[in-house]
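Heads up, the thing below is written out as structure tokens.
Letters A, B, C, D and E mark the chains as written, and numbering starts fresh at 1 in each.
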Amino acid sequence: ADPITVFAASSLTESLEEIGAAYERQNDVKVRFSFAASSLLARQIEQAAPADIFCSADQEWMDYLEQRDRIVKNSRRDLVGNRLVLVAPAGAADAASRASAPTITHATDIAARLGSSRLALADPVHVPAGRYAQDALTRLGKWDEVKDRIAPSQNVRAALALVEQGQAMLGIVYATDAAASVRVRVIGVFPENTHERILYPVAKIAGRNRAGADRFFEYLSSDFARRVFAVRGFTLP
Amino acid sequence: MLTDLEWSAIRLSMNVALRSVVLNLPLAMMVAWVLARRRFRGRALLDAFVHLPLVLPPVVVGYGLLLIFGSRGPIGSILAERLGIHLAFTPSGAALATAVMTFPLMVRTIRLSLEAVDPGLEEAARTLGAGRIDRFFSITLPLMAPGVLSGAILAFAAGLGEFGAVITFVSNIPGHTQTLPLAMYTALQSPGGEETAAKLAVVSFTLALIGLIASELVGRRVRARLGR
Amino acid sequence: MLTDLEWSAIRLSMNVALRSVVLNLPLAMMVAWVLARRRFRGRALLDAFVHLPLVLPPVVVGYGLLLIFGSRGPIGSILAERLGIHLAFTPSGAALATAVMTFPLMVRTIRLSLEAVDPGLEEAARTLGAGRIDRFFSITLPLMAPGVLSGAILAFAAGLGEFGAVITFVSNIPGHTQTLPLAMYTALQSPGGEETAAKLAVVSFTLALIGLIASELVGRRVRARLGR
Amino acid sequence: MLEVAFRKRLGSFTVDVEFTVPSSGITGLFGASGAGKTSVLSVLAGLAHPDKGRIAMDGAVLYDNVIGTCVAAHRRGIGYVFQDSRLFPHMTVDANLRYGLRRSRGRMQTNTFSAVVAMLGIERLLARLPHRLSGGERQRVAIGRALLSQPRLLLLDEPLASLDEARKAEILPYLEKLRDELRLPMIYVSHTLEETLRLASTLVLLSEGRVAASGSIDELTARTDVRLLSSRADAGAVIDATVAGHDDVGRLTRLSFAGGTLQVTRTSRTVGTHVRVRVMARDVALALRAPALSSFQNVLAGTVVEVRERSRGDFLVRIAVGEAHLLSAVTFHAVEKLRLRPGLAVHALIKSVAVGI
Amino acid sequence: MLEVAFRKRLGSFTVDVEFTVPSSGITGLFGASGAGKTSVLSVLAGLAHPDKGRIAMDGAVLYDNVIGTCVAAHRRGIGYVFQDSRLFPHMTVDANLRYGLRRSRGRMQTNTFSAVVAMLGIERLLARLPHRLSGGERQRVAIGRALLSQPRLLLLDEPLASLDEARKAEILPYLEKLRDELRLPMIYVSHTLEETLRLASTLVLLSEGRVAASGSIDELTARTDVRLLSSRADAGAVIDATVAGHDDVGRLTRLSFAGGTLQVTRTSRTVGTHVRVRVMARDVALALRAPALSSFQNVLAGTVVEVRERSRGDFLVRIAVGEAHLLSAVTFHAVEKLRLRPGLAVHALIKSVAVGI
């Protein structure tokens, strides 16, 4: 059978690869993923890319496709959610104490912890994670302190790398990214009410009615899939 | 050591780099010749146009290709309907994107060595009865061979590393359009993927090394022929 | 027509492209000379190493730079502590990243024209009492000037378009490290940003055109001097 | 016949010439360094375009700025041996030689590969690349390459300058053969007047881009106003003669000319052939009485026609011998002692060996 | 003194030579095209390295493979006029000329810029770029460039091949002046034996990469076994003489030599200077009795020493005149008629104008 092609935001890479591998073992079909920025994938789908399913990292680009009738209308739903966290490079000492991270409040002195370095975050201008971070910091009244001290990165992963390498003493990333890295330490979680809910919408692509794809689409909501997402640190809507 | 998908990325990268070089060579030589030898209005514009893929961020070039050669684009739709040729999201498309990106490198290098060809030798060929085309193939081309070779290997190396235009035009589908740089990028998306990325980087380096050694051997012969 | 931030991106891009060219020239000439004239073990490895930035995806190169020249990196930390020089997240860092990315282009082109220099003329200089360094500056360098110029303009054009390594090494800070390609990329990331991106592409094209015309004028003089 | 008339500026230098070249025989193009010889050849070959003028070969226009004609160089069928050899560096000697040959299909294949290679003595070099040749070897290959392109007209720019006497002595007769047997017209640039006069029947003298004199050698050598030809070392008279017979014992050849018989070193020319002989003024001595026992093979009785002082104390004497004229260079003291003056009967003494062909 | 002994392979060709060059005077390097002349020069200049051997100048080793010495080309102080001119294309003529001059600070500035430029007649070209020069102009600039680098030894590879007689006549005396007044040693490659003999006091004959003969001109010309020197056109005797006086009316200069007096065309040499004169065998006629009224300025009584048949019917006669020797080329018929044999008293007839300096 023809492979099922899934276009997915880069931050879903590990979870989806695991789910896809499991699905391939159970069914005689290949599942292939193209991981890239949601914006890029959305534009490609607009230009008739051979994708059966699109997993976006934000609503905006899914809306973009919906407006252009490129997705199967009623198939759209939210796959997983995520949380925004503040991370710092992991020192050797605190490798163990990564269990309970405090919630970030007005009192958290981000600027002080930053020292002379920069605050790594995804580019607020165009990357959803960055936009959420900006919203949260604004809500907490901290945006003006740090807005000249940020290092806007191409994506969350790049922001994480800056913290991992100690180039930035603080970074704002998804909880999932923080969980996957042993080289950063979560020092705070942003309250969910400080920013728009972080949800990853998923939809079937219009004009590619294929039974195999429909089945995998359903599989993404299966218990197994949900467990995989949960292990990686995603929240389940 | 390497997974199947990684092997396929290696094969695809080689394939894409080589095809783009072969695709580019004739056109690059023509354009280089026109830029080096003809004087006409708009020559500077053509020159700047040739350099455009270098000047624009690769993502923009890829997006432009998608708009033109995508199945909805003006050229892409014709190719798809009339000839059944699909470029967007196919390995051939990766070769096209790479070709477009490396075109300026090739034109520059070829043009440089074309301008270094002694016009006295072409004059001699004229007095021996060789017309323009004949002269080009029998005298000019062999004499600029070092530059053509140099341009080819430069384009090959750049082709191995081409990322932005490729991912934008053909997406990042493992086993289908995922070239080595795309695989490296994907590896880096997972925390802890640095090792895989480093491994692939070594592979890339090795491929380039092989290409360079091959070109060096050919180049040495060519130069020995020319007495340099 | 253009916002302040766009103007600053234009200024920064020019600045970065020019600085990277100036930074690269002496080193590229040295490496080109070594590759063209010296025979030693590991020459092929050096050659491949020079091409590495071309072969690897730019993002990987950017990561590499961050690891080496970042404030924690082996070189970066020394620069920061001893000299107070910061490269990561600064415009100078953008110039460095661009220089690294365009280095192979420059070396190739310069080497090509170096290999085209008539060794007989250097021999003549030797019999006239010119030692190696003297000869290089008085004979070899002027004779390979067309190639140096060609390499410089190629690197300039590529520098105007450099994206992946720059965004990774110095981030995308508007007004500070946001070069033209970064601005174009940012524009494209928002639905409906195509127009802004297209406008900036025209700006880039114009800058390249100006650079090319300038180099063409210089090149014509140089070639006229050499009688070509 | 090649009719040439054009004007071309080169920086501060202007070439402005008008002359004709007969459709057979060799035309010598003679002039000092920088006189414009190479510039003229490159216009004839079609490699440079004049500012204005007209060039026509056997009636067919090659260039005319008025009617706007300009035949491309590769269609002119004009061979060119460049001053610098211009061998193709990426081809072996063999491939260089065959380059023009292969492109000459339309024309008569008069010069065969093996004959040309043998004549130039380059058999052993065929597999070599040009940068492994010596200067003279390179020039020989260049001559061969031009010959093998079977040209209708051959331009030679100092082709023998870098060759030794022995090699020259082999190539000159070949050029003469081309001239005589194949009637291939040539334009020959050389700094050696002797070489030029030996080959050429017509001479064009260039000076600072202009034609100082042009015409047949006979005409020009009879003129005393053409400075170049009456200059000290090179003055001489050219005599048209016919091979009358050979003396194998004395290794001599007898030539009969309008003034009698001349004995020269044995040549291989068959009896009856027309030859041109140059008798240098410095080789002709004068005596009032014929010397009895001397090594002179040629003692010709004649009459002084003209005594001209070329430079102070240095005289050129023209002697009529039969219908031919000879020139003799003598000193002031000889003029005094012999009282040389027009009308005086003298004997011209010429050693046979002093006359080459 | 330059001592040269080395061996070098070039493809299938091997140069294997051994000779010495005196520390003053000009050494002619003579040989057919492809004999290895250029290869020898480039080893001397340090541009190519021999496979083995030793080269030493005035006792200082320039190259020795045994002790592992090899002085870099730019430290040898050896000037080189290349067969192809090799002007720097990116510099004006002026800058080309000054290139070596500027780098010669350490040495005596014997050749001044203005003198060299004037001598070569290149004043008008100073601002030009080399590609706008004619072939001969280029070569003249190359000569000037090498001279101005104030070399300790000058290598000249056919420097005058592309120059006209008038130009040669200007440059040759300059080279003679360098030789005599500045005692600059030179090695001179030329295909023209006459040019070589006029300048050189020592000769190295190369043939297929080996030294066929070498030694002083006097020694070599006395040998009848050196084929090259006794070949038909070039045979002659070199006579050492002293300027005895000038005759301004007849434009003559009297030279006294071991065999008497010789009259030659007026030279500007001051009385008492030593000169070397080459009397070509073909310019010497023999007679048993001295002719009465003739244009011969030189009638020298002598005795036949040797009669040798160079080739069939073609004889070379050596005549002792006082303590000097002359050569005369005569035919079989002359030998018969005059019964030429060793011991015979003869008169050698030489037109004064036939002797150049």
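As a working rule, contacts are C-beta pairs under 8 Å (C-beta built on N, C-alpha and C of every residue); 3 or more make two chains touch, one makes a residue touch a chain.
Keep in mind it's a predicted model, so treat the numbers as computed, not measured.
The chains in contact with chain C as well as with chain E do not exist; no chain meets both.
For the pair chain D and chain E, there is no chain touching both partners.
Across the assembly, the mean Cα position most removed from that of chain C is the one of D.
Centres computed as Cα averages put chain A at a distance of 90 Å from chain E. Computed centre separation for the pair chain A/chain B is 35 angstrom, with centres defined by C-alpha atoms.
Distance between chain centres (mean CA atoms), chain B to chain C: 19 Å. The mean-CA centres of chain C and chain D are about 60 angstrom from one another, to the nearest whole unit.
Multi-chain contact residues of chain D (touching two or more other chains) are listed as 84, 132.
Within chain A, contacts with two or more other chains are made by residues 161. Among the residues of chain C, those touching two or more other chains are numbered 59, 63, 188.
Under the contact rule defined at the top, the touching pairs of chains are A-B, A-C, B-C, B-D, C-E, D-E. Considering their complex, residues 59, 63, 66-67, 70-73, 88-89, 167-168, 171-178, 186, 188-192 of chain B touch chain A. Remark: chain E residues 10-11, 31-34, 37-39, 83-84, 128, 132-137, 140, 157-158, 161-167, 191-193, 231-234, 247-252, 263, 265-266, 282-283, 285-289, 291-297, 311-314, 328-334, 337-338, 349, 351-354, 356 touch chain D in the complex. In the complex of the two chains, the chain B residues touching chain C come out as 44-45, 47-49, 51-60, 63, 104-105, 108-109, 111-113, 115-116, 119, 146-147, 150, 153-154, 157-158, 160-161, 163-164, 181-182, 184-185, 188, 197, 201, 204-205, 207-209, 212-213, 216, 223, 228. Interface residues of chain D, counted against chain B in their complex, comprise 42, 45-47, 72-80, 82, 84, 86, 88-90, 99-100, 103-104, 129-132, 145-146, 149.
Residues of chain B that touch chain D in their complex: 120-121, 123-131, 134-135, 138-139, 142-143, 145, 225-227.
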